[in-house]
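After this come two complexes, each holding subunit A, first together with subunit B and then together with subunit C.
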Partner chain A sequence: MDDKSSPMLEVKNLAISFFNKSGEIQAVRDISYVLNKGEVLGIVGESGSGKSVSSHGILRLTPDNGKVKSGEIIFDGKDILKMNAKEVQNLRGNRISMIFQDPMTALDPLFTVEYQLNESLKKHTDLDTASRKKRMVELLELVGINQPERRLKQYPHELSGGMRQRVMIAMALSCDPDLLIADEPTTALDVTIQAQIIDLLKELKEKIGMAIIFITHDLGVVSDICDKIIVMYAGKIVEEGTSRQIFYHHVHPYTQGLLESIPDIETDSSVRLKPIKGNPPDMSCVKPGCAFAPRCSSAMQICLKQDPPLFELDETHAAACWKILKEAQKQS
Partner chain B sequence: MNIMQTLRYIVKRVFLAAVSLFVIITLTFFLMNLMPGDPFMSEKATEESRAIIIAKYGLDQPIYVQYVRYLKNLAHGDMGTSYVLQKGRDVTTIITESFGISMQVGIRALILAVFAGIIMGCLAGLNKDKLPDSIIRVVTSIGISMPGYVIASVLMIILAVRLGVLPINYNKPGGAVMPIITLAAYPTCYLARLTRASILEVMNQDYLRTERAKGMSEFVVVFIHALKNSLIPVITYLGPLTASILTGGFVAESVFSVPGLGRYFVSSISMRDYTMIMGVTIFYSSLIVMMNLVCDILYKIVDPRIKLD
Partner chain C sequence: MTGTGSNTGNDEREVLLEVRHLKKYFGVHTGFLKKTDLKAVDDVSFVIHKGDTLGIVGESGCGKTTLGRTILRLTEPTSGDILYEGSSIMGKNMKDYRDKMQIVFQDPYASLDPRKTVADIIGEAMDIRKSYSSKEERREKILGLMHLVGLNAQFYNRFPHEFSGGQRQRIGIARALAVDPGFIVCDEPVSALDVSIQAQIINMLEDLQQERKLTYLFIAHDLAVVKHISTRIGVMYLGHMVEMASSRELYERPLHPYTQMLLSAIPVANPDLSARRKRIKLQGEIPSPLAPPSGCPFRTRCPQACASCAEVMPELKEVEAGHFAACHVLQEKG
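And now, the complex of A and B:
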């Protein structure tokens, strides 16, 4: 909002791997991106593309068998990866907060909504008991929950899925975060509830002005909420650009494939959706060349041998595909 | 409303308990009389005097008459007098007296088992596949598979005979230590394994990730959220455990000659002490039924998802 020149969050060359008995699984392979204050970034990709792992990494919530191999995550001038446990805890739920995919399991079943909301307020603010209570009621109203006083006394099992996700959002917003990481917040919900939650996030973004990282496997979901979009495949960024660029001027065949697999209400029902053929690669044995090449209809010789770098198309748009180089050579 | 609901539930459960107690009393009474022999078979007396004694206690009457009379007396709170074990003494008095002693040992064993078991379970669960976990797993496996009399004998040989630090006799100072350990051994190990398994399951739950994402310290995550959730299965086991520990283990009490209720379980049956058999059975069943009710209510307090009905 004020200082657009210095980014709020800068992820540099982040690589995260999981280790199990059979060896190393490279979940995130060298990704970098920048997020400014108040911006909404969509990270899109199919299951196993590393989109969730990379974002959980921002809050250092990588599971125990995962390891950040290299990279920096600079938030507000400080590298989160170099912080001690206490510093990270002060960041979590306070300046950066997170909502998760499955609201049915994301709340502790044995504690009331009030207890769970109160926890973060108590930890991160100096408010007294009465003001915290007032704040909790406000928060629930903010996320569109009716009868907030009554809801506070209830347990998670007494609320519907959509309601629980709203509680999660209220919890995430409780300390006015600078950044909200939303990890597939609508995937586990019914379509109508999905739309409600997206609308709510859009509305909150306008009201509060926080930045959002919106992780999803569904490009359709993020189309009108995101300022920019990153498309991930096999732990790498394959294309990044503004929402417009990704939807109308995409160059990567994978982005193309993703867009073609979104059902459209206006197209005739006789037109079949085009799925992307094949399966994502096994990340425990990474082969040379572009990870998407085996599934790509326009793959060339070089694609199987060498991994393409991100070619910059303009200031905001970049894609990792040898096609770009070929076309550039043709033109010159 | 909630209190009314709970009260109604308790009343209902007490009524059901009364019904099952009645069934237990009836079954025990008739089964007991099916056993060959009678309370006075070991008396060195002539046939005539034996018949006189049997007639004196009314045991010569038809079984249903005896049954109705027993129920009538029971309704007045009279469980009769012991025929053999403590001849002529009131069964109620014997049970109260010996249960008091069993309880002294039992409560301490129970506290030991609950604390040691849960702490060991947590230690193992939170250090999965590391050294503490391996040690606890080995120890608890041994503890679960070893019968009580083996534990009692091993303790006796090591602590009393070889090292001489503890007396074998219950009535000497420190005499309660070995019975307590013997009684607590199995439940401690069982609780440790139960807690470990439960913690391992809970540690992967999404809501713990939410707590971490909220900035909660690892202490709050583990000891408030994970522990409370993992204690739910433990609570279910506490009901029957409490009843069996409080009434005293037969083995622990016989080996260390503790004058508790546990000894009467078996001896009353082998001596055909009819009134004692009935008394101990009624007492033990009521205790189990009561403890289960307490546990169910405790369960409801810990887990709001449980509906009492």
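And now, the complex of A and C:
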């Protein structure tokens, strides 16, 4: 773990599919990435792009009708996909924990905050009842909940949406995880609460130094928290790079389209938005070629026939687009 | 509110819709034989000019959706008056107004009847009004509307479940347009959609407004979207209108502390800009609308709150030309 040269998490050629009556739905198609200790990785994509499925796979939370077709998820030198149920349970909530999108459905309405916070502490630590209680109060204070003793006795329905999400974060942090997976943690919240939660995550990242995978559909949310960003489309990584590379030096037409279709509060509102034409592809019948080609304004012949690999632009920046190859050939 | 309809600035243009002191209270059981009023919309007044878009923003529970529904009398207002083209719609048969005032709902998955085909969903209002003389004409009109909102003619006999969210929202818009209304309440029409699709629908709504001289009441929680589409914007907080100004004015010089807080909380897809931006330290959450604070509803979260804020609810007053705000601190300064 202390070895800085080896990454903490390495996802290699991961492919996850769902099977139903009509056949196979390829949700995640061959994605690879690495995450180092203390890094914040943003995974951005629209609904159905596979961003959640790929990250749930890390904790082996793929639903019953889903199947990991291939790949390795190496965490701290061990492949999570090859672990038995007990080993995975020792990871969950302990070394890797997760925050879900909807804090109302992720908390159990029948139990108090205390009971739910206690669960993972009881399982993963040797603390006695009194010190567990102390730790719980500390945790609630850490995530900015006032009157923690009183809150512990309350049920989820007595808390507001922002407060519930804070409780979820407190639960996730209870065993000092090395990695926190945040699956759209602010999507169900109001803007003012969203800003508070993002500030909190930033603060925690500095204080505790854990790595975060931040899944979102909103590029605005990840702009000032992430070190690295992966843009996903139709189950594949279309572009990856540092935050600055994605926002200012993006090369993939999808990344560009995504950034351009967000209305900017700074610009004049008479400027028309530039949407990406068409609709996201149906993942149950994947056609050959680049999945984005039917919506792409600069699509070429080859785009419809052959899926582009990830071309490396520099050490940290890569994009899957034939345009890059064409431009490189032009230059040489 | 000082004099109804004064919050328009000095605008001579034709007023399409006027709302006067609109209130909508819901009775909520809060104990045995105990009922408390939930003031979803509390004394809201404004006017909308023909061809304009009034944007309404606010956090969840601020009453923006109730406002939209109450204006169409989909829920009866508790008190207040709504005037369409100068005459009150209160106490009248709404059937006469449904072809003038329409609504596009938030959730494109819940607002379309799953057992009807696209043609029947769009054509339903025409069927009720018998606004066609032959089946041929009905078909033509429906196909015309489908073309207008960018739906392929081959979808004519398909069912809603066969469509994606963006396409469903197009069906919902075509349905609203079927009776050729002058005024449409757009209740968060894009918030359930992906960003790339959002922009398509916003552009389409703008085009339709140009072509058909439509007037919108555009309700959304996404401030960037509201700013983009609106001519004027009203900010709501706990059932009250706290600030109202032209779209540009509101974003460039927000006066009410709540508006300032909302604006500073918007995430920007630009790391440099977002690092540069002044962030107002945000605190607290919306109080329960069942037990709102006395006086100004925002005082519990307001960094500038003073003693007088706890006593009286500030009125929405013109602080600067065309710029209205309901804040004691501001009004004292002015």
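Rule of thumb we're sticking to: the second predicted complex is superposed on the first by the 329 of 332 C-alpha atoms of A that agree within 3 Å, B and C clash if a C-alpha of one lies under 4 Å from a C-alpha of the other, contacts with A are read in each partner's own complex, and residues count from 1 in each chain.
Methods note: contacts are C-beta pairs under 8 Å (C-beta built on N, C-alpha and C of every residue); 3 or more make two chains touch, one makes a residue touch a chain.
Computed from a prediction, not measured in an experiment: that's the story for all the values here.
Answer with first, second, both or neither: which of subunit B and subunit C does A:S120 touch in the superposed model?
First partner only.
Is A:H157 touching anything from subunit B or subunit C once the two structures are fitted on A? First, second, both or neither.
It touches subunit B, and subunit C stays clear.
Of the two partners subunit B and subunit C, which one touches more residues belonging to subunit A?
After superposing on chain A, more of subunit A is contacted by C.
What is the contact status of A:F100 with respect to subunit B (first) and subunit C (second): first, second, both, or neither?
A:F100 contacts subunit B only, not subunit C.
According to the stated criteria, A:F214 is in contact with first (subunit B), second (subunit C), both, or neither; which is it?
Touch partners of A:F214: none, neither subunit B nor subunit C.
How about subunit C: which of its residues touch subunit A in the complex?
59-60, 164-167, 194-200, 202-203, 206, 221, 223-225, 227-230, 247-248, 251, 261-271, 273-275, 279, 282, 285-286
Please give the residue numbers of subunit A that touch subunit C in the complex, ascending.
Contacts found on subunit A: 46-47, 160-163, 190-196, 198-199, 217-221, 223-224, 243-244, 247, 257-266, 269, 272-277, 279-280.
Mind pulling up the subunit A residues that touch subunit B in the complex?
Contacts found on subunit A: 59, 61, 85, 89-94, 97-98, 100, 102, 105-111, 119-120, 123-124, 155, 157, 168, 171.
Under the stated contact criterion, what part of subunit B meets subunit A in this complex?
205-207, 209-218, 220, 225, 228-229, 302-305
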